[in-house]
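For clarity, chains are labelled A, B, C, D, E and F in written order, and residue numbers in each chain start from 1.
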Amino acid sequence: MRRVAIYPGSFDPPTLGHLDVVERATKLFDEVIVAVGVNSSKDPLLTADQRIDALRKSIVGLPDVWVDKFSGLLVDYARRQGACAIIRGLRATADFEYEFQMAMVNRRLQSDIESVFLMTNWEYSYLSSSIVREVAILGGDISEMVPKAVSELVAEALKDRKPAS
Amino acid sequence: MRRVAIYPGSFDPPTLGHLDVVERATKLFDEVIVAVGVNSSKDPLLTADQRIDALRKSIVGLPDVWVDKFSGLLVDYARRQGACAIIRGLRATADFEYEFQMAMVNRRLQSDIESVFLMTNWEYSYLSSSIVREVAILGGDISEMVPKAVSELVAEALKDRKPAS
Amino acid sequence: MRRVAIYPGSFDPPTLGHLDVVERATKLFDEVIVAVGVNSSKDPLLTADQRIDALRKSIVGLPDVWVDKFSGLLVDYARRQGACAIIRGLRATADFEYEFQMAMVNRRLQSDIESVFLMTNWEYSYLSSSIVREVAILGGDISEMVPKAVSELVAEALKDRKPAS
Amino acid sequence: MRRVAIYPGSFDPPTLGHLDVVERATKLFDEVIVAVGVNSSKDPLLTADQRIDALRKSIVGLPDVWVDKFSGLLVDYARRQGACAIIRGLRATADFEYEFQMAMVNRRLQSDIESVFLMTNWEYSYLSSSIVREVAILGGDISEMVPKAVSELVAEALKDRKPAS
Amino acid sequence: MRRVAIYPGSFDPPTLGHLDVVERATKLFDEVIVAVGVNSSKDPLLTADQRIDALRKSIVGLPDVWVDKFSGLLVDYARRQGACAIIRGLRATADFEYEFQMAMVNRRLQSDIESVFLMTNWEYSYLSSSIVREVAILGGDISEMVPKAVSELVAEALKDRKPAS
Amino acid sequence: MRRVAIYPGSFDPPTLGHLDVVERATKLFDEVIVAVGVNSSKDPLLTADQRIDALRKSIVGLPDVWVDKFSGLLVDYARRQGACAIIRGLRATADFEYEFQMAMVNRRLQSDIESVFLMTNWEYSYLSSSIVREVAILGGDISEMVPKAVSELVAEALKDRKPAS
């Protein structure tokens, strides 16, 4: 039996913490699908296609990892992919209560797909997409927070934006 | 002396967890008022009247429970009702810090009304109105998360909505 | 129907925070029993009888409050007393997760007795019996942390102790 | 060497808890700059100038405290001011995880400026600008939550607002 | 490649929550070793051999699960078994901070073994070995908290004990 | 005015995380006293004198840092030293609630000494004396967790110990 795991998120943008989790997951599962959620569209920094593109460039060299997008309920998508697990990264500073609540509701909706929590490396434990967005918008340097491909995409995306007053 | 307790919330929509708390509260107080707050109007799923209607249908059979609505400060409403307590449900995954802060500010505003925290049953501990809304909007089945009357109302409310892009 | 609530603890020693909770509970229930647990006997500061005596002196003037002791399972004691509720004080700095776990196990053992959480006043939110013990043993002044009757008892109890090396 | 500390925030409006932190900080540093962030402009209650004005009136009498405004990255501003520390107030009910994450990202961006956490007094531990705003908008009395100068400004600001429906 | 996971603990006694985690783990890994730690010997309720025996009886029917014991560092044991993962169960009320700290130290000691967190079912989220011990010692009924084999062993173990004063 | 800060602890043994905090504190205060508490004597790994010796060797090169020991109440010691601040290190995985409670009781006992929380570096955020002790006793390598002087002392201390059964 081939074991497939889904690693879902909005990845707006992907961070080095996300990639750290992907890499750890590849050692535990036969196949890992990085799944970009395209439901929530409240003024993202990167388009879904840009995020998918950046992820694809960032996972080059990792075996058995795919990048995909999904809409609708995560558990429905996971079931269609034949996944046995949903991967979530835990940071020491993460909103663990929210993660737990989502895992419980996902289990209620689809009891045979397991939520599996992995721990990001400590050097990435402060990282989240929203922090990266905030730093980038205020003109800070994000090159140590995201993969190289992402760094360039974000710079371009910000150039196209109207400046925040 | 008849002891009256207020159970406030936005109840958009009411969940089985809310009803579990109401039922527990009826054993501790002589009268329980489920009070639907109508202050915040940021694009609710159900109108205040729909929520009140759904709550009324859901509490049929519970003695000494009333459904009402309120606007303005909760403690002012509670005082006008002669309440001695404000009921709040605690879930293992709830934002306890926020609950605590609200209880402290309510005490400061009206020192003789006590905040009383009850624990929802574990099978509902993942449930919140926002989770139910999210699942429903993505097309998931919420029939095990809300009372029957709510389930139908939500289905109708979603039909009238423009689909999220 | 007369509603009885149990307020259990080791009360070694009772603090002003404990009394604050008792006072709040009297406004919510017809009768409050302060129940001193005598199970755990790992070198207490005060004997069970001293704690009961100190509590009795401290509640003088509060109507419908009784001090009692219990051993064995709390829920069995509560059931024998005909209680509908177990009162627990919540402090902002309290070990909420432990409180929640105990409430869940108590509900499993006796489903018709409700755990009810009240919030201590903020000026007592740092107080716990173990902090008071620690301060007293190190020679600090506890007179603003405990009722007067307790302050004297602790001073005497410490005189009889062999000094910690 | 003169040690300068920055106390940043949106201060919309300043609370007695903020002033409590400022006062504590003056005892630890040679100079304290209260820095009003003007980045986020999502419909504030008070304008940046009103907040600065209210803070200036509130710190009269405190030596070596200045009020300033900043935009862009906090650590860049702190570096330009020659600060060695960023002060953050911790409340028992505060979102500590968020504070920690911000401190980590700030350290990553500027490693020689230290985040220093001070504890507000317990009587202010429930206070936050957003709570004050919420109470004021609902018609509650905020005079015990904010400095006198703020109380008047908020009252005026609310008069000019369109009432929330 | 066969993926082996270790599920370590003291299991004094094993609970239904532990078994729930084992069962979930079997769906994610090719082999699961339930590893009873025999380091800490502070007056256990059950001997290591009794715990191993009870676990073996409880996992009958689960494929590819083994029960073993270990002493010394967990990561050394895991490495010798060729494991790629250490399984930990997360409860909503668990001491998550401690779990996180242990996972970080284990990663530092052995970077290629991943800590994997699974969520117990909500009906077991209040369960821990120490709660079960406490209830059993006070004479409570633990038959809905532990596997049948454990229930009997604990009853016998308590008969042989001197009663707590 | 010379500002003196106390950094108290049991330091059994000192870790690289402790030294990280000391170093940060030296940039904020004119003088830092590392104060080894000798109250609690429950079978330490290192004697108070060994801990003091190891700390002295580890701070060589840091200006204006002293190592001292104290017994009795921390705030009394801090007052006698003319300190304006008590330094505490915060780790993402630390027991923040306990830290907060101690800071509140210290403020109540001595209101003019401020508790100041600094954040350890992320690479040390998993470190605590008890984790180091546990790893060392089980035969693990602690050389990346503690200063060199400590590593040798602990090795010797363990040789003199009777092996844990």
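Basically, contacts are C-beta pairs under 8 Å (C-beta built on N, C-alpha and C of every residue); 3 or more make two chains touch, one makes a residue touch a chain.
Just so it is clear, the structure is predicted and the values come from calculations on it, not from any experiment.
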item: Shared interface partners, meaning chains that touch chain B and chain C; value: D, E
item: Interface sides of chain C and chain E: same vs different residues, half threshold; value: different
item: Selected pair, greater C-beta contact count between A-F and D-F; value: D-F
item: Cα-centroid distance, chain B relative to chain D, in whole angstrom; value: 33
item: Euclidean distance of C-alpha centroids - chain B vs chain E, Å; value: 38
item: Shared interface positions of chain B, touching two or more other chains; value: 92-93, 100, 104, 122, 125-126
item: Contact pairs between chains, per stated definition; value: A-B, A-D, A-E, A-F, B-C, B-D, B-E, C-D, C-E, C-F, D-F, E-F
item: Complex contacts: residues of chain C adjacent to chain E; value: 39, 41, 72-73, 75-76, 97-98, 100-102, 104-105, 108-109
item: Chain E partner contacts - residues on chain F that touch it in the complex; value: 92-95, 125-128, 131, 135, 138-141, 144-145, 164-165
item: Complex contacts: residues of chain F adjacent to chain A; value: 92-93, 122-123, 125-126
item: For the chain F and chain D complex, residues of the former touching the latter; value: 3, 24, 27-28, 84-85, 90, 92, 96, 100, 103-104, 107, 112, 114-119, 121-122
